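Take this structure, written in structure tokens, and hold onto it; I'll ask about it next.
Order of writing sets the labels: A, B, C and D. Residues in every chain begin at 1.
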Amino acid sequence: MQEKFKTIGLVVRNDVQSHIETIKQVVSILNNRVDVIIHYLDGGAVDGLMPGVPVENLVKGADLVISLGGDGTLLSTASALVDSNKPLLGVNLGRLGFLADVSILDFEQHLVGILEGRFSVEKRFFIEGTFMKHGKVVSTNIAFNDIIVHAHQALSMIEYEVFSNGDLIHQQRADGIIVTTPTGSTAYALSGGGPIMHPSLETLAIVPICPHTLSNRPIVLPADQIIEISLSKSTTLGKVNYDGQSTQVMDNDHRIKIQRYPQPLTLLHPQDYDYFQILRAKLHWSTNH
Amino acid sequence: MQEKFKTIGLVVRNDVQSHIETIKQVVSILNNRVDVIIHYLDGGAVDGLMPGVPVENLVKGADLVISLGGDGTLLSTASALVDSNKPLLGVNLGRLGFLADVSILDFEQHLVGILEGRFSVEKRFFIEGTFMKHGKVVSTNIAFNDIIVHAHQALSMIEYEVFSNGDLIHQQRADGIIVTTPTGSTAYALSGGGPIMHPSLETLAIVPICPHTLSNRPIVLPADQIIEISLSKSTTLGKVNYDGQSTQVMDNDHRIKIQRYPQPLTLLHPQDYDYFQILRAKLHWSTNH
Amino acid sequence: MQEKFKTIGLVVRNDVQSHIETIKQVVSILNNRVDVIIHYLDGGAVDGLMPGVPVENLVKGADLVISLGGDGTLLSTASALVDSNKPLLGVNLGRLGFLADVSILDFEQHLVGILEGRFSVEKRFFIEGTFMKHGKVVSTNIAFNDIIVHAHQALSMIEYEVFSNGDLIHQQRADGIIVTTPTGSTAYALSGGGPIMHPSLETLAIVPICPHTLSNRPIVLPADQIIEISLSKSTTLGKVNYDGQSTQVMDNDHRIKIQRYPQPLTLLHPQDYDYFQILRAKLHWSTNH
Amino acid sequence: MQEKFKTIGLVVRNDVQSHIETIKQVVSILNNRVDVIIHYLDGGAVDGLMPGVPVENLVKGADLVISLGGDGTLLSTASALVDSNKPLLGVNLGRLGFLADVSILDFEQHLVGILEGRFSVEKRFFIEGTFMKHGKVVSTNIAFNDIIVHAHQALSMIEYEVFSNGDLIHQQRADGIIVTTPTGSTAYALSGGGPIMHPSLETLAIVPICPHTLSNRPIVLPADQIIEISLSKSTTLGKVNYDGQSTQVMDNDHRIKIQRYPQPLTLLHPQDYDYFQILRAKLHWSTNH
């Protein structure tokens, strides 16, 4: 099992000066055991380290990819791993993350365990948004957390229809509408009032942002249903957002179709990984108050 | 297919005088086409109709069971159908129900369709609560909507621990804690702030009632996880409630184990059944305001 | 009392063709009884009616101002009435409004009552936002509903500090932060989870939009407290919005100070005005479900 | 100013063995400076200390009352201080309280300050519930936090009407309905989703518990409005609860009238008292997550 991960691809956030020393230490720890290739998310390179490679090359060459940063870094890395079948480990440079669940403080210890085959494997699914105009595909985009249709301007409202397998779910007015995976359920959707969904679930949640219909509630649906969203006649312009990264303008001729992407992402966790423990720590669930 | 349902078992709520005439009409419509046996939920009988039979006999003798009342009547009927493998149709005497989705106004038309084999079949799962003392089984109870651990008195608080497959989810203080099926997600759990879960999902939601920890949020879990709830040391007395029907006193020596019951319930729906349409009607989701 | 309102200023929304006939009828009803001057919110004029006057002239010349449209039209009109001490009546061209509470269907009847002195008077307060840079006043703006500090882009987050009379309330992360009057409490703040505040209250509510701190809750404060909001160091850019109408860019050198404006607005209501009846109708509070 | 507080009345919770030593230390600190009388909430006495006096005698004899326990102890003490005009200071034996805001760790230091006249004074109002049958007064009860009408049994529903100054607010179904003061807004009402109300406000909030009407929202009203609650015909039995302490059975012949009690309670705070700081500490509002 040990030889499984001969080359490790390191995706790093190198825009924060205070992390540079830590990155060097991580590379040094890795170099003692495996081959390392590196991709700098913020371009350039770190003095004294190897030059960066394009992320596609990193994914191709690596047996295991490690993202070094926070949940945002892991999210960026995940999008590069679509279809690659390469496993991903998230190492946290700052505060504990929902996804980047290996603390930098325990890194060496956990790395040894993982290289020796002591880890658990978790499959998480992506969703794919097919953006259509007059029924023709304009583009497809993949998201790990969520796809959001929202107003063209902050504090504006859209009116939209959401369908599941062709059946109308509802027509509503809100600032926006979130379609979230279980992975995304602890991200933006949680602030919008959505439920937490266990990562092993094959479900999607539909969560409105500031709904005008006060009786609206989040709905959890099977992930094999096809969700479609279109803007109502009264709303001429909206936007579509994928994992908070990119947006496209949407009008009444457009429709976005959202479905589970067939190829999952493989996340690695240390053997003592406890999902609920992370929930409790991140959400400040404790009884002493 | 028509001969499939030769005997129909009718479970009726006969405590409301104004429903008696409707019950007679339903029996008359049925009698023209099939054999009918009847169970009166409120005891006694209806003048001019056949005498009632015990619900066990009804279930044994019927090819199809029809509950005539509202969602509460269907809930009572469902509990009698556990392990029977007999299909259930819910007919509504009053306002549209989430479960009793055939209006009395359309009854004859829908009945004809169903007797001719035009219906859709939906499987819904029960949950079973195993009540334990010092690790020994005290009793088991089955619920269709939800199992709730709550304070011994109204407006009191309990402190409890919830586990999933042996892992602590959280220790919290609240008026109570709801474990709900997708079926129950539009019942009490919805008032408590829980998400709506599509009935085809194999999920459970954990929904606190008036949680003291303000950062608490509902969690959706796979239905094949085993949920366990026990009271914390600081809480000496609580109660367990199954579908709002029966309660048992719980103390620190008890623990309730909740898991999906292996045998599902078979619900019949008319062919034009539309789950989301019922949601919209019941929850007043429309855009004209 | 009748001569009190000799000249009525009509502020109309004339962008919807289907309203033109109604506007003509309203003018005709008014012309039989009083002098009329008119301001067209969408410019131009209505064929066959008098030409429009600038809104300042209308306010100066009118004894009573009537806004003809919806809550949005009344909001625009209210902003023109600041410091004028002229009373305002809201007439609704479409669906019942929280503010525009005279239905066009009852207009003539209510008008007669109001001209004969049968009406109730309600004072509602504005809030004033003083936008400061390095402690110096950049601009002041008045709002009737709410002042909102929010992220520069949709779906982005800001981190901010809110102070009350110089004391820190909290430092939080959210999509934005609403400071709402009782009037605004049934507008955007309600979608954000804020409480309804009775219009006679001298209170402000602080309502976060999609707060990251899950234990955040809306706070109601006395309207004579001075609220100040500044962006935390981690957020370089935000925006300030007044009644959803205008926005200004905010950075770390800015601070917005929000306080009750000394001169209130005078709203007229028909004598049978019932605030709670409007709440029930607008929010679909009825027991039949 | 110093001589103002010559006799201090100490109300203590003496049911927890671990607090006995602390109580003795507090008495010793007090005895060095002032006369002390004591009331034991749990009966009996503490070995080595003076015997207890009835709470009425304590209130009569004391110039300042100190409650030693938590928020619950202060609540009990407050109810004994109605009409007395005696100031109250809350000292906390355990976790920081919303009301008992002097930590036992700082007690001596704060006591010295208070005896030397360095404190701030805050007035908080009580509410009075007048319980009526067929229009005649059955009893009156005073509450500091809240008055709640709720179902006779846990997990049951009531249907009720709420009126403000005789106008119907709404008819709803819920587990119960809370009428809370600003003081109570951080107690039970907060778990029910109510807003936080600044203690200087003269407001009441109406907060439903698990409302069936999903579009229901908390309403904040002026404290000089008279709130009345009665049960709808469909609900035959409910209960009324005052500060969680005592309950009375309510039926369709009853009506509860709730209004601000004319005599306020005088709370003392140390000079560095900061209401928002307590909110932040109790509600875990910090930005580091």
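Rule of thumb we're sticking to: a residue touches a chain if its C-beta (ideal position, glycine included) is under 8 Å from a C-beta of that chain, and two chains touch if they have at least 3 such contacts.
The model shown is predicted, which means the values in this text are computed figures rather than measured ones.
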item: Graph distance between subunit A and subunit C, where chains that touch are linked; value: 1
item: Far-end chain from subunit C, centres as C-alpha averages; value: B
item: Subunit B and subunit D: spacing of chain centres that average the CA atoms, whole Å; value: 40
item: Where subunit B and subunit C are represented by their mean Cα positions, the distance between them in whole Å; value: 46
item: Centroid distance [mean C-alpha coordinates] between subunit B and subunit A, Å; value: 36
item: For subunit B, residues contacting two or more additional chains; value: 190, 213-217, 283-284, 289
item: Subunit B residues touching subunit D - in the complex, by the definition given at the top; value: 148, 150-155, 174-176, 188, 190-193, 209-212, 214-215, 239, 241, 244, 283-284
item: Contact set on subunit C toward subunit B in their complex; value: 95, 213-217, 282, 284, 288-289
item: Footprint of subunit D on subunit C - complex, ascending; value: 159, 164, 167-173, 190, 194-198, 200-201, 203, 205, 213, 215-222, 225, 232, 274-277, 279-280, 283-287, 289
